[in-house]
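In the part that follows, the structures are each spelled out as structure tokens.
Shared between the two complexes below is chain A, which has chain B as its partner in the first and chain C in the second.
Here is the complex of A and B:
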């Protein structure tokens, strides 16, 4: 008999969203990269759409699957790229989760949350690049990261909103939550 | 709506960091190469081949006729080579896996650089 209290973690559903995240991470290879290591953030889409119906523990598990999974798939698990990926994903998640929980939906939309996550992600990546891995010269990528991040953050938020609006499958999941 | 706040924040960071990188100076145009040995400076108007050292090996940087490009690098994806030639202040090419940064500093941003920023 399960003790009462916290609801159980829906591992099958989290695993499915983790797999989606890995799939999207692989899809990113289809797009040319104007600057090294810049990501569109497609793999953040599952994180973004699941904000509404995953618990904090489920979100953290999904985050772990995304970071470690993409590190294994891309072959970057034992490199400094993994540090960038982990820092950026963690920062954007904290910002997106905090905004989603603390700010009423009428004040900020999913597009705004996505944009805020992109800003946090890019700021942390640039800070890590300058402070730990590469040194001051890495600052030259900052305007590119923030500029392209504005566009991709907005686009990902718009995509997640459209998906949430039209997907019956997601609608059922949200109703069950 | 907070959406507009974050949009404004993101655009402000883009413009602010862009200004910091592209701000005009009186210094002559030069090529700044940062590798495992530190930062080295070279004039942009003298042809030369630079062997930048990184954890993966040697990245070959060429300065030819006022342009700079990465000719060869031991990285996997070769994004640094695909970045092509840079010619104006504020532009950069980088091999992140090999931790080599090359950028042009000094002088004023040219109209070509502004076009690149808009793209």
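Here is the complex of A and C:
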């Protein structure tokens, strides 16, 4: 134990989860999008499943690896896409982490946490789209955007719950933690 | 189910060191952002398309066409300059159209220059850079082994892949990470590309204002 009393950051594990996040982002990038600007947000899965056993510092590092790494791997680091991605990921993480820490597990499921994160992420993206790219008229697409975001948030929550339930690898990892 | 597209060859990578490439991209971005009118932005955006394609990145022209068109549509109702046509009480103005077009082209151009200039081998400084190095090495291993994922038994195959790369069973050895990538120095052809793209981009940004 270090003098500060804080547990050390498990850099290898965080790096591995960061790699998983990039891997999912690439898989999503490789498939054509059915609707322009539509994203499933597969890269959020590692953030979601690590909520239970990563410390706040580890989660923040993972978030940073996800946004910077996706920017480098997809080549969007020097564009407005990076700003949108950072804002949306940060907002959804704050909401998801807050709900996970403050609300008892029997009251809210992982799918509920994911849905709330998706709503926060979409709210930030719409605010940025209005403020930076499209102007106030973009508000008309907000209901559609929130509708799609609700679907993807639910899908990611469902996927994360299924993985938590069935993954022996994750089970052993959580037991070790 | 659509088949994933094959990655294309990066023609810039062998000639440009990732750091030189990054700063070259930043300079091109600055030319785009500070060029005033829609015309220089259009010229620079077309240069960006060419460079993004040369870098082996996937460029969906339909997607970017939609991006530019949607920015124009959302901006067109602002009353700026000469009135072209009136849709009921709403005037469609020349100024609003070109303002939207310039803005849309800028955002599309930003993505093209970013695609061309950000290399996966870009080295980040400090402790975060070291962590990024590890992350990227694992990412490469995941990408190498992605064909072991089976859609019919997705969760099980993901579980096997994760256990292979990051063992959690007692006594299992962690496989070694791949060595850091070799970063090519900038060749004379690379420097020529930098000069031949930055010079005209600067001229377009300054002279076509």
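Methods note: the second predicted complex is superposed on the first by the 165 of 177 C-alpha atoms of A that agree within 3 Å, B and C clash if a C-alpha of one lies under 4 Å from a C-alpha of the other, contacts with A are read in each partner's own complex, and residues count from 1 in each chain.
One rule holds for everything that comes next: contacts are C-beta pairs under 8 Å (C-beta built on N, C-alpha and C of every residue); 3 or more make two chains touch, one makes a residue touch a chain.
This is a predicted model, so every value here is computed, not measured.
Placing chain B and chain C on a common chain A by superposition gives a clash between them.
Contacts of A:167 after superposition on the shared chain: chain C is touched, whereas chain B is not. By the document's definition of touching, of the two partners only chain C reaches A:12; chain B does not.
In the superposed model, A:27 lies in contact with chain C only, and not with chain B. Once the two complexes are laid over each other on the shared chain, residue contacts for A:135 go to chain B and to chain C alike.
In the superposed model, A:108 lies in contact with chain B only, and not with chain C. Look at A:61: by the touch rule set out above, it reaches chain C but stays clear of chain B. In the superposition on chain A, A:71 makes contact with chain C only, not with chain B. In the superposed model, A:46 makes contact with neither chain B nor chain C. Chain A has more of its residues touched by C than by the other of chain B and chain C.
Note on the superposed arrangement: chain B collides with the chain C stretch 92-100, while the other options among 2-10, 20-28 or 92-100 stay free of clashes. Put simply, chain A uses residues 33, 36, 79, 81, 133-135, 137-138 to touch chain B in one complex and chain C in the other. Within the complex formed with chain C, the residues of chain A that make contact are 11-16, 18-20, 22-23, 26-27, 29-33, 36, 61, 64-65, 68-69, 71-73, 75-82, 133-135, 137-138, 162-163, 166-170, 172-173, 176. On the side of chain B, the complex with chain A involves touching residues 1-7, 9-11, 13-15, 17-18, 20-22, 32, 34, 39, 79-80, 83, 90, 92, 94-97, 99, 101, 103, 117. The touching residues of chain C, when paired with chain A in their complex, are 2, 4-5, 22, 25-26, 29, 52, 55, 57-58, 60, 63, 66-67, 70-71, 73-75, 77-78, 103, 107, 110-111, 113-120, 122, 124, 128, 131-132, 134-139, 141-143, 146, 155-156, 158-159, 162-163, 165-166, 168-169.
Taken together, the chain A residues at the contact with chain B in this complex read 33, 35-37, 79, 81, 99, 103, 107-109, 111-112, 115-116, 118-119, 123, 133-135, 137-143, 146-147, 149-150, 153-154.
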